[in-house]
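Across the two complexes that follow, subunit A remains constant while its partner is subunit B and subsequently subunit C.
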Partner chain A sequence: MATVVFDRVTKRFGRVRALNDLSVTIPSGTILGLLGPNGAGKSTMLKLIAGLYRPDGGRVTIDGDVPSPKTKAKVAYLPEIDYLYGWMTVRQILDYVRAFYPDWDQVRAEELLRFMALDPAARVSRLSKGMRARLKIVVAMSRSAPLILLDEPLSGIDPPSRSRVLSAIVSEFREDGQTVVMSTHDVAESENLFQEVLFLREGQVALMGDADQLRAQRGKSIRDLFEEVYA
Partner chain B sequence: MQLKLDQHSPIYMQIIDEFKRQVARGDLRPGDRIPSQRELAAMVQVNPNTVQRAYREMELMGITETLRGQGTFITRDPERVAQIRREMADRALAGFVREMHALGYGCEEMVAMVRGAYERIVGETGAGPHAGALAEGHQAGRGGEPHGDRGV
Partner chain C sequence: MWWQQYKKELMGNRTELLFLLGFFLVWTLFLLSRAGVWEPAVVIALYGAPPSGILPLWALWASVQLYRQEWRENTSYLMLSLPVRARVITSAKLAALLTGVLGFALLFAVGGWLLLARTGLWGEVFQRHVFSLISWEYAVKMSLLTGGAVLAALVIVALVAQFAYVFSRLFSRLQGLVMVWTWVLSFWLMARVVDVGGRLLAFMPDFHLRLLTIHNQVPEFEMVTVESGPLWALALFVAGLYTLLNAVLERAVEV
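And now, the complex of A and B:
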């Protein structure tokens, strides 16, 4: 279980307020879609939870603790950038990463590797963009972390890879208290995945709610709502 | 199971509707085992909690029964199955009548057009078109008989 609380959080980059007095609670046991156009503050939120940024104002807590090495043990973070060493093979990447995390689940890693149709002997630098995106998902989802942060896991990859990534998130998600926060600006494809959605606009919450409830109330898909919110 | 989600209405309801449709059409028979929640979630790429909600509601609605350790099965209650079929027919009818009414057709015209359409669409493949096919077929729905006409 992991509940994330943003309490009046502000994060500035120069004169830009990426997050502006943002208060929100992400409950545990949900898959939350973190939605918004580029620059809305999605990645900044995830990096604050992961402990890669510190807020300029306010507080971020995970189960009451500010991000620290202690909370990092609970958090699996998939960054948007390509961070895997190109000279390593797929197998070497997994061996390397597992050394860092006591909650690494080797059985699951092997399953995911097969499901993603990744060749363990392939060198990372030779993998296509879609295959590298698949590998990042294997790395993030092979931990039994209660909180999984996925920053744009679908961006810029081919449709078959997107579909695999979505399936892997669904099948590895454990309803008994695991929380997945996934940012995307590609709402159409991923909206079925989300139990809850959080629309960010200029560093603040524009709309948040249960996805099915929003559909029932507004008679609209999340994708249409997205267009309405950002019109 | 194939599921075309239109995303404009709650997804758990669409999952329930799809199962009801399959039961009503006879694609799923009483006592048939349906996929586990996890299987279905992965199959249609939907949040497992949403699937869980749909399964919970179906159980409450008497569409399915879950046997511990064995899985989830379509109800064996023939009454309930007939009811589901009737419900789906009522819904299709309501949509049809509303749309035709909006287009300006009256009751008699609709009935006549339905007969014509029935012969065109179903007649060729069915056991043979009859004038009374529609009314009879509708009656048959109550008894939970397989569809098709029982015209005399």
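And now, the complex of A and C:
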């Protein structure tokens, strides 16, 4: 399992502070919902963990190590944008990614391909947006990675595909060995998925805790809490 | 892992590579059709002109393109999240580029052979006295040396271009300007390193080459001494630049 620690992390883009002296520990063995409106710093957090951004201040560590090829082997990252080679076929994408990760599970990949109704011979650039989103899920969830980062996996996807994506995340999650961090600003649909939630506001923690406990303590759903926090 | 990365680079850039090779093939076929119509010297000169001009420019363009494409198409997210040292990525990209260059060189050699045969120049060349002096061993050795030197020069051009592009990614504005200036300054620095390093490494043993020269139409072998100091300095600079490229890609650059 992987524990992620943000220790006074600041990330700036010009004059804008996407993360502002952020200190937080992401517990292992859970599905954490990273919540907040656009610009709250959700994607920045995930990119810092994945080693795609470098902090301007502070330190991000995964099991005590700063992001490096070693930590990247533990992370399965799904960005919000289309990041797969358009000229490859679905099969070629899976073969390419598989070569880099010893934790790749080919049986699971084949099952997910079928579950997501993806044609292995189809070219990525010819897939619809929803199908490309499904393929990204297959790529991320076919690994037994200790840490799975999903950046807005439901973004721009039609309702039938959304339920498939969420089902895949739930069915492939292994509580004993995985941590899933999923960012979204659409709480209603994924509320029941989260065991922990972290509300971000202007690059800082607005609220964090166990989802069930927060519901019980506040007498509100996570969706209502979202509206309260960002009111 | 490396093989997959190399294959990906090759397949991802096959359109440009095939276009270049196809263009040269058509050019060669056109000149073959002109053999016997135009003067042989004109045909050979026209054949040699595109590679000497196009190949370095293509190497330069393709070097930048190999990285630029990753950022333009957002595949840099995948490239930079792979659990590999940067040298796996950079060496695969360089190797893919060199494969293109070698493919081009092979096509050039075959086309040149055919043109020389078609124009009748092969016969003339072989009949010259100079060829009786050259052993096959010497011809192969000099061909490898010349080919190696051309390849090394192209690698340096490609490496500087790749470094200039990757370094420019560290800046959020004026990336084009940064790239051009990095390119210019890298070559300036290379010249300085070769100059100063050459003097500092003057103690290194020199190379001796047996070169075939022609004086007053009389061919003769001449022993030429090549100082190795500047070459060692150049090799060290190139190794340093490659290390720096890997460090920037692995530790500093962002998507």
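Points to keep in mind about this one:
Note that in this section the second predicted complex is superposed on the first by the 231 of 231 C-alpha atoms of A that agree within 3 Å, B and C clash if a C-alpha of one lies under 4 Å from a C-alpha of the other, contacts with A are read in each partner's own complex, and residues count from 1 in each chain.
The rule is short, and it goes like this: a residue touches a chain if its C-beta (ideal position, glycine included) is under 8 Å from a C-beta of that chain, and two chains touch if they have at least 3 such contacts.
In this text, all values refer to a predicted model and were calculated from it rather than measured experimentally.
Superimposing the complexes on subunit A yields a three-chain arrangement in which subunit B and subunit C fit side by side.
Contact with neither subunit B nor subunit C is seen for A:His185 once the two complexes are overlaid on the shared chain. By the touch criterion defined above, A:Arg123 lies against neither subunit B nor subunit C after alignment on the C-alpha atoms of chain A. Put simply, if you stand at the Cα centre of subunit A and look at the Cα centres of subunit B and subunit C, the angle between them is 160 degrees to the nearest 10.
In the superposition on chain A, contact of A:Glu175 is made with subunit B only, not with subunit C. Once chain A of one complex is fitted onto chain A of the other, the partner contacts of A:Thr30 are limited to subunit B, with no touch recorded for subunit C.
By the touch criterion defined above, A:Arg201 lies against neither subunit B nor subunit C after alignment on the C-alpha atoms of chain A. When the two structures are aligned on the shared chain, A:Arg108 is found in touch with neither subunit B nor subunit C.
Aligning both complexes on chain A leaves subunit B and subunit C separated at their closest CA atoms by 27 Å. Residue ranges on subunit B touching subunit A, taken from their complex, read 5-13, 38, 41-42, 44-50, 52-53.
Of all residues in subunit A, those touching subunit B in their complex are 29-31, 163, 166-167, 170-171, 173, 175, 191-195, 211-213, 215-216, 219-224.
Touching subunit A in their complex are the following residues of subunit C: 1, 3-4, 8, 11-12, 73-78, 80-85, 172, 250-252, 254-255. Residue ranges on subunit A touching subunit C, taken from their complex, read 13-14, 47, 50-54, 68-70, 72-73, 75, 77, 79, 81-88, 95-97, 99-101.
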